[in-house]
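Pasting a structure below so you can have a look.
Labels run A, B and C following the written order; every chain starts at residue 1.
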Amino acid sequence: MDAELAAMRAELSDLRAAQQKLAARLQEAEDYRDLMNLQCAYGYYVDKGMWDEAADLFAENGTLEIAGRGVYVGRERARAYLKCLPAYGHGVLFNHMQLQPVIHVDSKAGTAKARWRTFITIGWLGKEGRWGEATYENEYVRENGKWRIAKLHGVINFYAEYDKGWHKGGVPLLRSIDGLEPDLPPSFEYEAYPEPVITPFHFDEP
Amino acid sequence: MDAELAAMRAELSDLRAAQQKLAARLQEAEDYRDLMNLQCAYGYYVDKGMWDEAADLFAENGTLEIAGRGVYVGRERARAYLKCLPAYGHGVLFNHMQLQPVIHVDSKAGTAKARWRTFITIGWLGKEGRWGEATYENEYVRENGKWRIAKLHGVINFYAEYDKGWHKGGVPLLRSIDGLEPDLPPSFEYEAYPEPVITPFHFDEP
Amino acid sequence: MDAELAAMRAELSDLRAAQQKLAARLQEAEDYRDLMNLQCAYGYYVDKGMWDEAADLFAENGTLEIAGRGVYVGRERARAYLKCLPAYGHGVLFNHMQLQPVIHVDSKAGTAKARWRTFITIGWLGKEGRWGEATYENEYVRENGKWRIAKLHGVINFYAEYDKGWHKGGVPLLRSIDGLEPDLPPSFEYEAYPEPVITPFHFDEP
């Protein structure tokens, strides 16, 4: 009897430990899904000039760096940057489609990294139509139980005029945004197409 | 002995309850994956004029509403609508790429909602080439153990002629499909680019 | 007492069996995520001429078949094929965006199948700009604990010159790659747009 009880105690202990491991693994699966939802939602907000909604997806100390314009540090600075972008309205197209995620989560630490890309169709009626594409190497953090963007780093691969196409020349990066100096210089210097640019990978192995 | 048995009974009970919670959370992770597969499969069928395969992904009472043409209620009406679309064949391109999902599942209820987008390349050799992009706000239901589309609602953001680009003008919505009156009027009235249009979000928070 | 112990033994046994089933289901959810990461990483490598990194994602006996050029059998042959592709550098754009996955995993067998698509923007400054789109029907295998590409099969739906658009004619498939004969003939013969082509589906039901 004592031996049987001891065996059952041991088995209960094993089951409990195994269950905790399953729960930790399940947390990673859930976090992966939540991170997908987060980045895709960001894109939908940016498309339509919903700058507050987009900014609210940043962590309190999140950073934003786009198109070689330097780093904006903190959610409110990300918000200020986003509010410098063109307003959405009649004749405006500002689509930044989000796709191709490679996501690595450390659920225990509450952090994650992901490589994404955005395929861009922008335009102003009667003025300008443009294609673009960029690579993101982003970081995320779980803050107050919700995943937030800790670092949004978008590196432009190309901008091209609709009327010409990339093979007739890329549109050079505009290195600043009107009226809003960055908090830190760019992470690295680069020029977009026709110059080659490879955004450093957060992983050696998918 | 009695105290020990009582403790073990209690622990078994806790393990069982915890396991049920894990199973419920795991169901959500599986449903997320199945919903991704479902919507992506829909896109592949639509590309190639596989209208029956596409219609079969609808729930019995599923609804379809695309491009402001009104609502078609029930799988067989969705099938009738799809069969009014251009046949696939020589010279035809009808790609509706599916991407950027924000998916929320209620596995217990067997329902889900998702925001998707489609990036469109269509054309007829010698006649017409066109770009397009639309937002979906869809609903899904688990029917006979399989996820099905309960509501497909596609809102066109823009159509543009390949030869011109969106900045030279959008292609207005054709508000009806030949020979097939809708069952209900459109959910909301809108015009595509150059008019601004923001498809209402099913979520406040990703 | 004996009856109680017997009941508890039975319950422990049930919990253990149920936990193993949960673990198996969780493995499938993790495999799904890893397969997403794998294919998306492949695309990022191909964009930037990182042929060794791309080839290293193939299983030892993996096969590669793209654009009707025949089948290359084995990782080193896939590597040889990839190294025949244009070098990345100044003026080069070679984006093969990866999207729209329908993934089915057999975790127990360590195999998987997925339908993906790629939307392609390629170009050489001053020479050529081109759009393309292809369907993949791929297979994967778990090798040494990591998912690898067992079969990469990319079927071109269209290539079109940027300056013309698909409606003015598709770019025919180049049926061979300079200096590297395939190991097996193409899986099936086809021509891209304007000819219709439907890549066979690995699934009847998503």
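Structure notes:
We adopt the following convention: a residue touches a chain if its C-beta (ideal position, glycine included) is under 8 Å from a C-beta of that chain, and two chains touch if they have at least 3 such contacts.
In this text the structure is predicted, and so the values were computed from the model without any measurement.
Among the remaining chains, those touching chain A as well as chain C are B.
At the interface between chain A and chain B, under half of the residue numbers involved are used by both copies, so each side presents largely different positions. Chain C is reached from chain B by a rotation of 120°, derived from superposing Cα atoms (nearest 5).
The centroid of the Cα atoms in chain A and the matching centroid in chain B are 24 Å apart. In chain A, the positions touching at least two other chains are 5, 8, 12, 15, 19, 22, 26, 29, 99, 119. Residues 5, 8-9, 12, 15-16, 19, 22-23, 26, 29-30, 33-34, 36-38, 40-44, 47-48, 50, 57, 88-93, 95, 97-99, 119, 121, 123-129, 146, 162-163 of chain B are the ones touching chain C in the complex. Chain contact summary for the complex, chain B toward chain A: residues 4-5, 8, 11-12, 15, 18-19, 22, 25-26, 28-29, 32, 99-104, 115, 117, 119, 131, 133, 135, 157-158, 165-169, 193-196, 198, 201, 203, 205-206.
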